[in-house]
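Provided herewith is a single structure, encoded as structure tokens, for subsequent inquiry.
The chains carry the letters A, B, C and D, assigned in the order they are written, with residues numbered from 1 in each.
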Amino acid sequence: MKAQLFTQFQNIVDRASNEDLAILSQWMNGFEKKQSNEMTTYLSAGLHMERTLTADYCRVSIPNTPYIHNTLNIPHGGILAVLLDTAMGILANHSLPVGFASVTTNLSINYVAPAAAGGHIHAQVTLSHKGRQTIVLTGEIKDHLGRLIAIGTGSFFVIPSK
Amino acid sequence: MKAQLFTQFQNIVDRASNEDLAILSQWMNGFEKKQSNEMTTYLSAGLHMERTLTADYCRVSIPNTPYIHNTLNIPHGGILAVLLDTAMGILANHSLPVGFASVTTNLSINYVAPAAAGGHIHAQVTLSHKGRQTIVLTGEIKDHLGRLIAIGTGSFFVIPSK
Amino acid sequence: MKAQLFTQFQNIVDRASNEDLAILSQWMNGFEKKQSNEMTTYLSAGLHMERTLTADYCRVSIPNTPYIHNTLNIPHGGILAVLLDTAMGILANHSLPVGFASVTTNLSINYVAPAAAGGHIHAQVTLSHKGRQTIVLTGEIKDHLGRLIAIGTGSFFVIPSK
Amino acid sequence: MKAQLFTQFQNIVDRASNEDLAILSQWMNGFEKKQSNEMTTYLSAGLHMERTLTADYCRVSIPNTPYIHNTLNIPHGGILAVLLDTAMGILANHSLPVGFASVTTNLSINYVAPAAAGGHIHAQVTLSHKGRQTIVLTGEIKDHLGRLIAIGTGSFFVIPSK
């Protein structure tokens, strides 16, 4: 299988545009972070997620590159959902005692403007309500110019963790 | 740059688990589809999106692999948003006359069950309202066993296309 | 207190427009239904709610009169929420075994068109997901011409009933 | 018709519980405000809405009485939607130049706790995004103890006013 992968990689690089090469490099850089356990999932590694976490706030940032773009060359609305859901999930779980985890039950996002090209986009979330069985968080996404791109609200359900 | 990419790829393959190798293969297969213009974005290529489209229905499917999993080893809620938003956007744009496009203004998703392991997950969406300036679509995501994973509603705003 | 109420009622009737008189009559008709226990709340009585309920479907209808209008003389968006939430709550509770009730955790409504004047407006809801701890319902509101006015999704949380 | 209304009112008062009498009094007090044009709609009059409005903030309050209760004797979730949608609509319209109005396209509410008995409940909303064609507002509802009852997000579409 490995020989086949090298041939495939060779073919891809041979045909690669400069944009292709940048995406390849970006993706492999992320993949190495997954292999070194710096990242926990292929998804977060591929997106190069960086996080800041405090007791009542979480920020998750990713670079705004063609890797996440839709056909309009702006970040795909679903990727903004990945960003918000990740930040909310991190903060929700962080707020729970040992032995409990949380799962998303509802996520609602309003998209208000396209992100400016380049830089990073940042999801910033806070706790709006922390109940015994449900947690509600709100957040927003800003581009590298600090402009508001989207706002969102997430509901999480508390479950015993395995 | 290319020599550096080969070294990096070599290092990744040397350290790769079987799961890593499967993800590498899957990702490069998708990348080739982007290079051959079978896929229009790196995102849809990486996710191996397949679509079925009629006048009032769109289905988008992707394989359920670790490439899209969260730390619970199930599809990330944000990826389900990517799937729904993509299917809704395709159908919304398809419903418009030449010279018009649509952008998502709101996406709301209810997550009701984890997807069964393996197979594909499928977003199926239909038009609920098609106005002159706004379009509303509803949809659901099912796993390969046909079980409901999530439902969603999207609002789109109609704009002149460039 | 009763004498004061009669004086007040006298003053209101003396100054009443034909629309005022119709509203007064409508409201008192509803109030009598609350007094005779045909209606369980002042709110449902004032709105003259009528319901149709089966195992997996609930319809709640109310007359479309100035009693529920906003300043644009169409049904207030919040009243459409009352209608949907009521129909969803009835169906959610009906689906539960004795000893359990449900409370709304999230309600999301898309408003797609103003209701035609007159007649009744009808909320029709169905179960999308019935879990052990959460229930998700979807529904729509139509006017007396059968045109779609709004669609909505509600999440309910199951609790032991008192 | 007026004679008939008096007979009906007499019958209602004869059978009225103390709670009934309080509701009758409350409702007629509101009705008089509609007749004197202090209130613009039967709905806002019946609910005894009071508002505070600045350039970027609106608060709407109503008394928490059985008039708005569901069968659990707490404010009906739909009435909280009336409150939020009203406050959001007032602020959205206030933010627009002469010749423009706004209509709600989406309202999403998360219910997080029941309101404490008595007092008033207060919806407080602010502008999150003000575009040329769309406005997004967020808000919360608190009870008279200052506890959070619900949070909500509304999307409005800007239209020429008549």
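Keep in mind that, in the parts below, contacts are C-beta pairs under 8 Å (C-beta built on N, C-alpha and C of every residue); 3 or more make two chains touch, one makes a residue touch a chain.
This structure is a prediction, so every number in the text was calculated from the model and none was measured.
Asks: Tally the contacting C-beta pairs at the A-D interface and at the B-D interface, and name the larger one.
Replies: Higher contact count goes to A-D.
Asks: Report, in degrees rounded to the nearest 5, the angle of the rotation taking chain B onto chain C when the C-alpha atoms are fitted.
Replies: About 180 degrees of rotation relates the two copies.
Asks: CA centre of chain A versus CA centre of chain D: separation in Å?
Replies: Going by mean C-alpha positions, chain A sits 38 Å from chain D.
Asks: Hey, how far is the Cα centre of chain C from the one of chain D, in Å?
Replies: Spacing between the chain centres: roughly 15 Å.
Asks: Measure off the straight-line distance from the CA centroid of chain B to the CA centroid of chain D, and report it in whole Å.
Replies: 40
Asks: Check each residue of chain C and list the ones that touch at least two other chains.
Replies: Answer for chain C, listing residues that touch two or more other chains: 105-106, 108, 110, 134, 155.
Asks: What part of chain A is in contact with chain C in the complex they form?
Replies: Touch residues, chain A against chain C: 105-106, 108, 133-134, 155, 157.
Asks: Enumerate the contact residues on chain A facing chain B in the complex.
Replies: 1-2, 4-6, 8-9, 11-13, 15-16, 20-21, 23-25, 27-29, 31-32, 34-35, 40-43, 46, 66-72, 76-79, 81-86, 89, 101, 103-111
Asks: If we count contacts the way the header does, which residues on chain A are in touch with chain D in the complex?
Replies: 106, 108, 110, 112-113, 128-129, 131, 134, 136, 138, 140, 148, 151, 153, 155
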